[in-house]
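Presented below is the structure to which this report refers.
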Amino acid sequence: MTTHAVKLVTIICEALARKPLQQLLDEVGAHGYILFTVEGDGRQGRRTADIREFANIQVEVIVAPAVAEQLLLRLEREFFPKFAMVAHESDVRVLRRDKF
Amino acid sequence: MATDIIQAISTNLLSPAVLFFGLGLIAALLKSDLKFPEALYVTLTIYLLAALGFKGGVAISEAGIATVFLPAVAAMALGAVIPLWIYPLLRFGGRLRPVDAAAVAAHYGSVSAVTFITATNYLKGINEPYENYATAFLAVMESPAIVVGVVLGKMSLGPQPGIFGGSLRKVLHEALLGRSVFLLFGTLVAGALCGKAGMDRVEPFFVGPFQGVLALFLLEMGLVAGRRLEDLKKVGPFLVAFAIVLPLLHGFLGVVVGKYAGLSVGGTTLMGVLAASASYIAAPAAMRLSLPDANPALYLTPSLAVTFPFNVGIGIPIYYAFARYLVS
Amino acid sequence: MATDIIQAISTNLLSPAVLFFGLGLIAALLKSDLKFPEALYVTLTIYLLAALGFKGGVAISEAGIATVFLPAVAAMALGAVIPLWIYPLLRFGGRLRPVDAAAVAAHYGSVSAVTFITATNYLKGINEPYENYATAFLAVMESPAIVVGVVLGKMSLGPQPGIFGGSLRKVLHEALLGRSVFLLFGTLVAGALCGKAGMDRVEPFFVGPFQGVLALFLLEMGLVAGRRLEDLKKVGPFLVAFAIVLPLLHGFLGVVVGKYAGLSVGGTTLMGVLAASASYIAAPAAMRLSLPDANPALYLTPSLAVTFPFNVGIGIPIYYAFARYLVS
Amino acid sequence: MATDIIQAISTNLLSPAVLFFGLGLIAALLKSDLKFPEALYVTLTIYLLAALGFKGGVAISEAGIATVFLPAVAAMALGAVIPLWIYPLLRFGGRLRPVDAAAVAAHYGSVSAVTFITATNYLKGINEPYENYATAFLAVMESPAIVVGVVLGKMSLGPQPGIFGGSLRKVLHEALLGRSVFLLFGTLVAGALCGKAGMDRVEPFFVGPFQGVLALFLLEMGLVAGRRLEDLKKVGPFLVAFAIVLPLLHGFLGVVVGKYAGLSVGGTTLMGVLAASASYIAAPAAMRLSLPDANPALYLTPSLAVTFPFNVGIGIPIYYAFARYLVS
Amino acid sequence: MTTHAVKLVTIICEALARKPLQQLLDEVGAHGYILFTVEGDGRQGRRTADIREFANIQVEVIVAPAVAEQLLLRLEREFFPKFAMVAHESDVRVLRRDKF
Amino acid sequence: MTTHAVKLVTIICEALARKPLQQLLDEVGAHGYILFTVEGDGRQGRRTADIREFANIQVEVIVAPAVAEQLLLRLEREFFPKFAMVAHESDVRVLRRDKF
């Protein structure tokens, strides 16, 4: 069994940032993602996730290292000034590199 | 008129729906554990909009499109022009940034379906008849102001590259196919196609429990609005005053429009309520998509934490008093 | 009979439930934001099945097991044999792989509870009486075809090692204790034990709002089915035609069986509907568990995106016309 | 009295709500797939508590606070003292650790709203009138025993540093602003303020469907309780016996208190039910927060998997028989 | 405080793969897992998570390195050909090794 | 684009541990977190997440390495003896260090 090193980029943000974020994922060439609603607390106060529109979402996307770099760069430039958002990147291994 | 208004307000405050709203506010202020699941919030929204739309559609099938057309166009026009005076007022009176002024303008030109429903509930409670097809005014009034606000904001920002720049197409898609507008229009059409015979079949679901469901929903909305109250300090006194005074002016204006559109006292009240109400779901969603540089604290907090509770508790009976005074 | 059928179809299409279904389809096609929470979908399912089962049980307690027994056995047998001709048809006519042919056969021998409920709603709307205990037929018809389909598929694959191989025990557990069969059987028994006295107590919950809840649920099902429409291109013309022609044949067959089982026009219609309907929840779940090599695009899409909307909109009134023609 | 009791028990067991509870138990034991979404559980809880509170409040507005005051104080006192004999009994009879004895004492002094609601449902089913304001007893009986239990437990542990040590303030906040107490009190007040006129408006939502909703909820509670049955082996025979015998004693005691508080047969039954019931939501939450060293298997399992099903199926008619015997 | 290096294996798949996946986890000797519903998008199209049966689930399981290897191997061989599924592995540290 | 190495601490526990856990996060100086409900299975049996109070939650918190150490230490000492709980730590990179 051979595994391949790729990046997992995790983005936590307000639910209303969802559509532009999906567009960004498309533009940088991510091939898939998962998304779910989370409660949270941060510098901009508590988000209780009781109304879909005011909740936080967490988006996780597995991408090649170059795509991760591109994604984080554009998040920092285009999204961080506008949205309540946290993003982090970590190293993961997958079985089929061609999927990502 | 003053004693009338005070009487009307206290009747309103003692109705189950408004008491439940107050209970939600208190729960939020006391930091109670009470929390509705997201799925319940969505469910209640879908129920209320579908019930409202379907009833409205049946009413249209009875009254005829011709009757509904003129006041609906008047409602739409009213929604579209309100941003045009809010924008300069906030730009120059309130010293807001252009993009923030445009965003707030969009919210106050648009409408709150929950406020509208609470008003129909109030009218039912005092046995004041109203045109059931008024739901059509609600349906057509949500989007125009949002489009106008986004255009004002985009003009102020100048051409923007990338994801947040570009055409109005996204705004229009959002405005016309967003959940609430789609549900209202769709169920209006369904109701109009079924007519009375269809209504007989779904009445025990869509009509009987409606007022109770509204009470439960307002409990949740009290929680949601109450949690925002602490953001008021970020908003400043100008916008807080704005969030009470403008609804009163718009309520009066709406009542005048309703009167000239030939509506009854009840229908005129509802037109006033629509003009006075401000959006806090559809408009914020559109702003985050199309004017993400606008500051949500400046548009969402006034609309949700000031105007909405003000209208639910006090505004509605005031607009009713206006309507009685002007129409009869 | 042709004008009868056209008349019946347009009555059906203008009922609230079917209009809401159409609304859901349109929302999906227009890519509207409208989305029901998962919890609401599950809740509506539980409500509809429990209401149906309980009512059916009360009806059994009144009619007596003896009356129900014969047609229930006929229904079960019908469900079990349908896969036996679908399998060769798809194998040799449709050139499907054996495991895919078996999976599709399981779906079309099994039933759709929602289609059944929509049919009872249609009969209520046109004041055509039917045997309330017909719910028992629904309950016994879900599983047999699934078991037969899995056996056919496993035979075609030969013995398989590991997690997906092995005994039929898992299939049977799934078939008999899956959510819908368990709920239907359980509430049938509860209803039969309580009888009329029990019904009086829960009637305002389980009977009055039923038709309205169904309308709401069909809105969601329209969304779900509509989102699958774009998968149709993966399915090919043979299976699309299959998904319309076979239900028509099975509908006719079901009506014949219902007639010889001594049912009324309404009950006969329902037997036709059961035979014509195809599963899209229970059967896919069983296939992923027991025949995971079968391709879901080939069984789920025809059943959910073709047969289900066809039956809801057009099939039901056609089977009713068959029943009227044959029985009276 | 024996035949009376047996008759009463079988009437109870054949009511829809209790049959649905049994169905849930069976589903859990057979490991059926049936599972309610969390959001539905919360929704049903909110509905039942709000409906109960609102009805109770309307009843208070009619009976007057004066009538309600004395029995409410008696109920509160009863809740507060029950832990005082359970604690030594479990400490020395059951050889439980002090913190565990305190935790169990808190559970059995507190109450189960669902058991109370099932009892009102039972009384309605047999046409036995009861004081609707009895909801107030439920509301005041939830917290006192929890506070007493926590104090007993904290005394036994001695002063503790850090997150789990410290003041009683957290306990009191939790006890008074927890979801269920807040909802009950809040809707009691809302109902009392609205009175009959308010009730007329929400009756089709809060009253008509109530018994059906309860049945659905008990289906879920059967599932929840049933899943705990396998933990019984961790609990031991002493606690299992305790979980049946103590409710019987408390039920009798509650009936005596109810009689001397001047309640009707129905109201007396409800007081017995409250005393006999044990908390399984509010008390465990308070224990995890304030006495996290106590072992949940020892307090949650007896309360949820033994006492609760026992009361729902058998206890309620027994307490009713006590009440009839003593009062009339 | 000593921490121990173990593996976190994350599996995203269609909800209907749940039961066989649980069986696999048992067979390779995992001692626990968490599971939740997620929306997602991938090569096989969007999954909106509005019907429980058609949703995606994400399963996360902490295991010893040898178990992780075994788990991924069998996923690749037995599950990937049958189900819409993505799996990745990463390095995490836990406090009590004996639990995993 | 410069990224900074921080720690992601993930805690799975019974929902009723939530309030003391939030207090602990405050005390060690975490600036935010996310939280969501999960089903799970472990040594202490299956948790089906059908009742909010009996469900599992997963809490994820991004913190500086020193804070992570402190957090894990106190979890081990003060929480593990009392609650059904699993915690793990991993390395992630973020864009703006000052947030964490």
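Should a chain be cited, it is by its letter among A, B, C, D, E and F, assigned in written order, with residues numbered from 1 in that chain.
Just so we're on the same page, contacts are C-beta pairs under 8 Å (C-beta built on N, C-alpha and C of every residue); 3 or more make two chains touch, one makes a residue touch a chain.
Just so it is clear, the model here is predicted, and its values are computed rather than measured.
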Quick one: how many steps at least from subunit A to subunit E, stepping chain to touching chain? 1
Go through the assembly and pull out the chains touching subunit C as well as subunit D. B
Where the centre means the average of the CA atoms, what chain is farthest from subunit F? C
Computing the C-alpha centre of each chain, which chain sits at the greatest distance from subunit A? D
Separation of subunit A from subunit F, taking each centre as the mean of its C-alpha atoms, in whole Å: 20
Let me have the rounded angstrom distance from the C-alpha centre of subunit B over to the C-alpha centre of subunit C, please. 41
Whole-Å gap between the CA centroids of subunit A and subunit B: 33
Indicate the residues of subunit E shared as contacts by at least two other chains. 36-37, 90-91
Would you pick out the residues of subunit B that each touch at least 2 other chains? 35-40, 42-43, 208-209
With touch defined as at the top, which chains are paired up in contact here? A-B, A-E, A-F, B-C, B-D, C-D, C-E, D-F, E-F
Spell out the part of subunit C that touches subunit D in their complex, as residue ranges. 37-40, 42-43, 46-47, 50, 54, 174, 177-179, 182-183, 186-187, 189-190, 193-194, 198, 201-206, 208-209
What residues on subunit F touch subunit A, complex-wise? 1, 3, 6, 8, 22, 31-36, 62, 90-96, 99
Would you mind writing out the residues of subunit E in touch with subunit A in their complex? 10, 12, 36-43, 56, 58, 69, 72-73, 75-76, 80, 86-91
Can you list the residues on subunit C that touch subunit E in the complex? 35-38, 41-42, 162-164, 220, 223-224, 227, 231, 281, 284-285, 288-289, 292-293
Complex contacts: residues of subunit F adjacent to subunit D: 14, 16-17, 19-20, 23-24, 27, 37, 45-46, 48-55, 78, 81-83
